[in-house]
Amino acid sequence: MADIAFRGVNKIYPNGFQAVHNLDLAIKDGEFLVMVGPSGCGKSTTLRMLAGLEAISSGDLLIDGKRVNDLHPRTRNIAMVFQSYALYPHKTVQGNIEFPLRMAKVPAAEVKARALKVARMLELEPLLQRKPGLLSGGQRQRVAMARALVRDPVAFLMDEPLSNLDAKLRVQMRAEIAALQRRTGTTTVYVTHDQVEAMTMGDRVAVFKDGHLQQADTPQQLFERPLNTFVGSFIGSPSMNLITSRIEPGGDGLTLTLAGERIALGRGLEARFEDPGGAAGLVAQVGLRPEDVVDPHLAGEGQRLHGRVVLTELLGREQMVYLDLHDSTRVVARLHADHRLHAGEEVAIGIDPARLYLFRADGNALSYR
Amino acid sequence: MQMRNARTAPYLFLAPFVISFLIFGAYPIVRSMILSLYITSGPEAQHFVGLDNYLYLLRDPDFWTAFSNTATFAAGSVALQLPLSLGLAILLNRPDVRGRDVFRFIFFSPNLMGLVFSALLFMLILAPRFGLLNASLHALFGLPLTTRWLSTPELVMPALIMVALWLYTGFNMVYFLAALQSVDGELYEAATIDGAGRWSQFWHVTLPGIKPVLIFVVVLSTIGSFQLFELAFLLLGNSSGPDQAGLTIVMYLYQNGFLGGDLGYAAAIGWTLAGMVLILSLIQLRITGTGKEDR
Amino acid sequence: MRRAIVYSLLVVFSIGCLVPIVWLVVSAFKANADFQAYAFVPPVDRLTMANFPSLFKQMPFLRFMVNSFFVAGATVIVQLFFSSLGGFALAKYEFAGKKAIMGVMLATMMIPGPVLLAPMYELIYHLRLIDSHLGLIVPGMVNVFGMFLFRQSMLSVPDEMLQAARMDGCNEFQIFWHVVMPVSRPIVGAFCLIAFMGTWNSFLWPQIILQSSDRFTLPIGLNQMVGVYEADYGAMMAGTLLAVLPVVMLFFLLQKEFIAGLTKGAVKG
């Protein structure tokens, strides 16, 4: 069990490319941390520096307060599950699971016992004598986890471990991994580019972009209080609509000018933002999640936008409606499907000011309460 | 520490190979160039002569005999082996042929005998009277039993070419078959749809598909043939045969360097051979137009 | 109809390939007197085992065999170790000088072997290894072709597998030994067969180096015997047959790997 801390860590590859910038991130003992971000943002690089497979260019990596920058992977006692599983094809399942113990010169009897225990935990016992080539994707995945778990590592790293599985198995394994982590309580760092995976599995989620850590928070915090437009639109599916608008004082509180229409915000924002009044006079980006669009009949006076439907997608009981506002800003709304909309229709959508997100022109959110 | 380990590891891993390579690969090559400028008598006595070895060589009729014998053998071998092995490979690659692996093994089996032991075997097969070849030719075509393949100057090279044909056709065929099998089957289907007949399929799909392997085999066969020694030396009873009809370049090198004791001259012969082989390979590569667009 | 033609061609060539081999086997059991009378196959009751005792009586055949096994075995093991380790380094590590090393090796592969005979003889002479088995083994340690064969094949071992091994506690050599070599089993098999055949059949270099008959390898020994016992055809064929058997057996053991290894690199360009 271990605390892990990155202190001002940079990674510059030999070709001069800087993949990680000044990373500060602390992972608590027993925590399940998910690193998420678009392809190439430096997740794997970060994970591999933690594993000891990649040298740290500058900064400190601490495990339980000790600087481990220069330790060989095996002395860090960290285990890793690879995207391709990287099982040894010439060894049986049992041979694979036992291998790390044998390398650590654990006595033979103990090797057997520990391998068996882990195999039982992951329901691999009947497969112990098979070679990896004869296993299904999900079984291989479990062997890879067993091989990682068998050493009682202080931390458990996984780099996109589910991306080689089909959609259904992925959902199942997602739950299994999360449950397993809860049971063993091993500090786990999990890399994925799938935000759904991140949000459902992690105690905390760290969002990366272009080698910079954007925000590390619980899934709920990330969703409700994104620190910038990138996190706001990366988390949640479909993405948050971002609409440029002016914030002005007016009436009772503030008003927004969105696509030529005025929206009265009232006092709805005060519950979430420290000083919404201070935003008066700014040009800002307003974030509106598709699922936060409400029935125009339920919306208050001056809390509606009008536009023309461009496209609709029916998703069972709901429909995804793409519409263009008057200044042709594209907005996506997720609405009930009991009243189907069609392309070309002029419609109104309702807005709940309490659910809007406000970002400054530079993309950073107004300070949350 | 780990990083340092992974950084030094490749050097440590290469060290045994590179060190022995320097001693037994690189050094002899350099030494050979120097040696070729000396007349020697055994490894101890050496006398610098500059390029005289090369000049002498070019004027030595024995060398030219050796050259023409070797060239005849190389031309005959390549000209017979390659079409035959390619033809066999094409036959074997037909989808309707069963027992492909068995045939491939049979064609390959002479190669398992190895050069030296094949030569010992063919010494008897080519023998007059009781030899298998004469007996077969007699039984099939009524030819005389007394043909002396290995002591008639005109028959020596044909005999050697024949044995080489037996030895290497299957070996080359394995390469061709592998190459043919790696040609994308859909290309043939596409060509058929485009209305290509058998011949134009061969020209436009098969040949381009196996071209790299074809060139590889042609060049290697030529280089190998130019180093002919064992087959001739053993079949001809450790001699150069009647009227030097079986004298090859490497045999000339062996005789001068190791029977005559002039290592310097042997080195000069070696480099002359290397030069010939190099020029020949370059010509072959130029004709087939490789080296530019590939790789 | 077409198929019939195809098959008859294949069968004709098969016969051409096989008849000399069959003839070798038959001749090994043919009495010397019968070589003249029965050019092909003598009646079964005339076949004899007598050639084998005669072979062992006429020359130290067993000695030759043992020598050959020793030289070929030692050469293959040394080559295997050096080439696979070097090939691994070239396939799976980035380091300064790698390109240069590969370039030099490739260039030396173009130089025909006979060029090296004279300087190598001189070297072995100065190392006092003339007429010794070490004089055969030592120059054969370097197999550039083998190293490229291993490099080519180890390129396809996934990096993640090596990293997994590193995480599992292997040092760099253990990665090679416990993971890369076992995964490369087919190419190891192919290499062993190719290298074994090469050494087993090697003639010119031993012919130059060896002088005492108790150090002779099979090719040298059998060739010498031909000169001395010209007329004992049966024993000669018996010796040839026995000399070929080890390669044949090794081939059957490793044939799948062999074909794959032989054509690797060639086909992929």
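The first chain written gets the first letter, and so on, giving A, B and C; residue counts start at 1 in each chain.
Here is the rule we use: a contact is a pair of C-beta atoms (placed from the backbone, for glycine too) under 8 Å apart; a residue touches a chain by one contact, two chains touch by 3 or more.
Please read these numbers as outputs of a predicted model, since none were measured by experiment.
Engineer: Taking the mean of all protein CA atoms as the centre, name the chain whose own CA mean is closest to it.
Structural biologist: Looking at where each chain's C-alpha mean falls, the closest to the middle is C.
Engineer: B-C versus A-C: which has more C-beta pairs touching?
Structural biologist: B-C
Engineer: Using mean CA coordinates as chain centres, what's the gap between chain A and chain B in Å?
Structural biologist: Centres of chain A and chain B (C-alpha means) sit 62 Å apart.
Engineer: Counting in whole Å, what is the centre-to-centre distance of chain A and chain C, each centre being its mean C-alpha position?
Structural biologist: Each chain's C-alpha centroid was found; their separation is 58 Å.
Engineer: With chain centres defined as C-alpha means, what is the inter-centre distance between chain B and chain C in Å?
Structural biologist: Their C-alpha centroids are separated by 16 Å.
Engineer: Quick check on chain C: which residues sit in contact with 2+ other chains?
Structural biologist: 166, 171
Engineer: Using the touch rule from the top of the page, what residues of chain A touch 2 or more other chains?
Structural biologist: 52, 72-73
Engineer: By residue number and range, which residues of chain B touch two or more other chains?
Structural biologist: 2, 5
Engineer: In the complex formed with chain A, which residues of chain C make contact?
Structural biologist: 158, 160-161, 163-171, 174, 178-179, 182-183, 185
Engineer: Of all residues in chain C, which touch chain B in the complex?
Structural biologist: Touching chain B from chain C are residues 3, 6-7, 9-10, 13-14, 16-21, 23-24, 27, 35-36, 39-40, 81-83, 85-86, 88-90, 93, 95, 98, 101, 104-105, 108, 110-123, 125-126, 138-139, 141-142, 144, 147, 166, 171-173, 176, 197, 200-201, 203-204, 207-208, 219, 222-223, 226-227, 233, 236-237, 240, 243-244, 247-248, 251, 255, 259, 262-263, 266-267, 269.
Engineer: Give every residue of chain A touching chain C within the complex, in rising order.
Structural biologist: For this pair, the touching residues of chain A are 48, 51-53, 72-74, 78-80, 82-84, 86-91, 99-100, 103-104, 147.
Engineer: Going by the contact rule set out above, which residues of chain B touch chain C in the complex?
Structural biologist: 2, 5-7, 9-11, 13-14, 16-18, 20-21, 23-29, 31-32, 35, 43, 88, 91-92, 94, 96-97, 103-107, 109-110, 112-117, 120-125, 129-132, 134-135, 166, 170, 174-175, 178-179, 182, 212-213, 216, 223, 226-227, 229-230, 233-234, 237-238, 249-250, 253-254, 257-258, 263-264, 266-267, 269-271, 273-274, 277-278, 281, 294-295
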